[in-house]
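The following blocks contain the structures, represented as structure tokens.
In what comes next, chain A is part of two complexes: it sits with chain B in the first one and with chain C in the second one.
Right after this comes the complex of A and B.
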């Protein structure tokens, strides 16, 4: 037991995490202390460092909230609040999650369709591929608010505009990964299919598609993280009143740092669990297909 | 017709190098021009309101008319926030990666966390950074630094472990010390990974800087211009800004890719 623990990465990860938390607390004291000194000076009181220390941990609007404050806020807004309440973080996370998943599904389908087209038509390969790459150098996230506002102006609102941004971000990794994956069978295997007199459809379903699955899942992991970012940024314009992005914006307007940090942590948790989920499905599928190492 | 031309061009087999590169460049160019043409015809023909989607010619006129504003925004966002943040973020990521690489314990502990953070929505840090570093470009540069740091760290550490055992053993037989092995073998071998991070970061940096400007800026900058002109429904100005952002992003990316080609000419994907 101990030996496997020492060999694996559990202990190093724990040590590094602890180091980060300790560093965080040090930063809390360092960044929040000036405010307390200022307060004491105004009250014409002498204040010692040991008096400052506990106070920096419990400010109402700290420059940097302490980890336990963030954890308490998350606990308060997830477990103790009704799920349907507007102040519940679960509610906001759900709004973000639903547009993420919708955009992710569209993006994956579009990416696969583009990849299939590119692999089968040389014309598409030469004309479309450079533009797919160029499309990603356009900072879509930066113009996301505009897309939302403009789509709102024509009457499309709610989930779809945000899902559109998620789709734009997530189709790219899928398309690039799938082009690579569908081309991964080598000449030997392709020739073998030729000797079987396989049709184009058979070649696709029996050779190209199965051999592209590992590539597909690698890109899906990138794509789902990207669509979450897209959904959050899509919620930034002032029109949005719910979702993690709206929480971030509201927090920054009212100087509620604890609220910002708790929304950030919720987003991080969401991203981690989505990537983890894709990873689990990845392993399951590869095992069923007999490709797991 | 354009489709026919493109499909004819792409099936042509050209032996010599220079005409081939020209053809390879023309095909996407024709495709792009066709798209622009369709866009123009459709928006004018169907009478799409210019608030929704202005025709390209209108955007072009707007770009030509507001060059000084665009130049000021470019200087504020790109030359100050993006470049500074990009250079500092990539350099620190690289330096930390070299340090981490020396200790297997640190590598085991930091890598899973680094991988996790690289997948997180770091743009969300923007309001905090604006609160800490004020409204000017410093806060945007800080967001860019945080955004570019983790991809660089993760990729460099992964790249440093690509040099095979054979090569490392060879360096040992040459009695080379740690630094010689690092500079002569492992860093060159890690270059494809490092450039991968540089390319990812080149687009991330621009996004980070523009998004951070939504949370408060002085009255100049690409993100500021986009958000205010949307509010005033000047959509053609927004598109002009987008066109410039796309151009800057593509050129930045292209420059990094060009340097990569020069430095990693030995890599199988270029031979």
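Right after this comes the complex of A and C.
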């Protein structure tokens, strides 16, 4: 048992996780202790470190909540709440997830379409690529409110504006990755198709597209994480009342740091799950194509 | 083997053919004044050091490069028309099989491009896989095959087009000598069976002598034909033929040709 554990990655992962938690608790004490000392001073009481220590871990509005407080909050707002409740983290996560997925789908399609255009037309390559790169240098926090305002003005609200922001972030890795992928066939493979007198469409579907699939999945992993960031950022400037972004915002308004951290953890969990899911599909597809050895 | 050779117009005919690449370091004369004619059913090897233009000449025949001077006809038409009529099958130095296709699907690739029916595709796949001795490997992926088998699959892919002509660019260059000997024998058998015209690029003297009916010795800077040597060893060529006096004489002649063409200066 121990031997198999030592061989795998279980023990190193456990060690690192434990180290992070220990470090976290240390920070909790360090960051929350001043408040306790302050309180004691105001009450004109003497307080020892051993008295401060437990108090730093059970504050209502800590500077840094302790891990167990966050876990308790997540437990309360997921398992113990009905998923349709406005206080359920699952409900908020779903709101964010739905616009993430919609934006991811848009972004993927847009990214692929742009890449196909760029690979097939020199004009598009020269004219589009600078804009695509420029688009990503604009801080998303600056452009997100604009998108929401403009779309609201034309009567689009709710899920779509957030999905647009997700799309804005996720099309970029897909476009860049797919341009590289569609251009990945070497000269010999292109020459081979040329000797067959293959049409442009045949060249695309029989050579360029299959060659680009590994590149596509690598890009999709980046894109889906970016989509989630986009959806959360999209919820911040709009004063949205639901979604993980809204939970973050509400938490910061009312100093509910535990709520902020639990929303953060939920977002991290969602991102990890989504990237993992893309990875699973990636392996399946490559295996079916015969490219996984 | 000359019994089958018909006295018709040459399959490939060049006249003062030349090709100059414009590079940043000035023009490179890859081919200069190439006069060559290749007849139906011949096995012609281009031999020479790197930079002598042997691959470039093959690529011009295949319409993968455009000559800058002189003229060339393939099957009596321009190389482009010949390519569009799928007059040749091209075998590259690397097998270049698609990793996402099984061996049979790889052989089906040109047939799909040609738009043949599924039934016709199946027939051609079976026939050509048998021809290169690969039956039983239909459903395997390229990475499951050895280098020699992959190259055989790529030959089957070229043959599946059923062209009159095979253009081969150092097809066995990346393989070890034992596999190479074996494939050389198989290629000869295949050539005897199919009676196709083969144009073969190599830098191995024994390989050229063993396979060819005609050896074109080329020399570099500018790439040109130094000498054309007839190689009349007959149709029956077991591997042992390489120890006969006749074989060694021709090999010596090729080597002398390469020397006189300054192929050994560097």
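The rule is simple: the second predicted complex is superposed on the first by the 276 of 293 C-alpha atoms of A that agree within 3 Å, B and C clash if a C-alpha of one lies under 4 Å from a C-alpha of the other, contacts with A are read in each partner's own complex, and residues count from 1 in each chain.
Assume a contact is a pair of C-beta atoms (placed from the backbone, for glycine too) under 8 Å apart; a residue touches a chain by one contact, two chains touch by 3 or more.
Please read all numbers here as calculations on a predicted model, not as lab measurements.
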With the two complexes superposed on chain A, say which partner A:196 touches: chain B (first), chain C (second), both, or neither. second
Touching A:290 in the superposition: chain B (first), chain C (second), both, neither? second
Is A:41 contacted by the first partner chain B, the second partner chain C, both or neither? neither
Taking the superposition on A as described, I'd like to know which of chain B and chain C A:206 touches: first, second, both or neither. second
Of chain B and chain C, which one touches more of chain A's residues? B
Have a look at where A:58 lands relative to chain B and chain C in the superposition and call it first, second, both or neither. neither
Check whether A:225 is in contact with chain B, with chain C, with both or with neither, and answer first, second, both or neither. first
List of chain B residues in touch with chain A within their complex: 3, 6-7, 9-11, 24, 27-28, 30-32, 51-52, 105-106, 108-113, 116, 119-121, 123-125, 127-128, 130-132, 202-203, 206-207, 210-211, 214-216, 222-223, 226-227, 230, 233, 235, 238, 242, 245-246, 249-250, 252-253
If we count contacts the way the header does, which residues on chain A are in touch with chain B in the complex? 9, 11-17, 20, 63, 122-123, 125-131, 134, 136-143, 145-146, 149-150, 153-154, 221-222, 225, 228-229, 232-233, 236, 244-245, 248-249, 251-252, 255, 257, 260-261, 263-264, 267-268, 271-272, 275
Name, in rising order, each residue of chain C that touches chain A in their complex. 62-64, 83-84, 86, 88-90, 92, 94, 96, 98-102, 109-110, 112-114, 141, 143, 161
In their shared complex, chain C is touched by residues of chain A numbered 188-189, 191-198, 202, 206-207, 210, 213, 289-291, 293
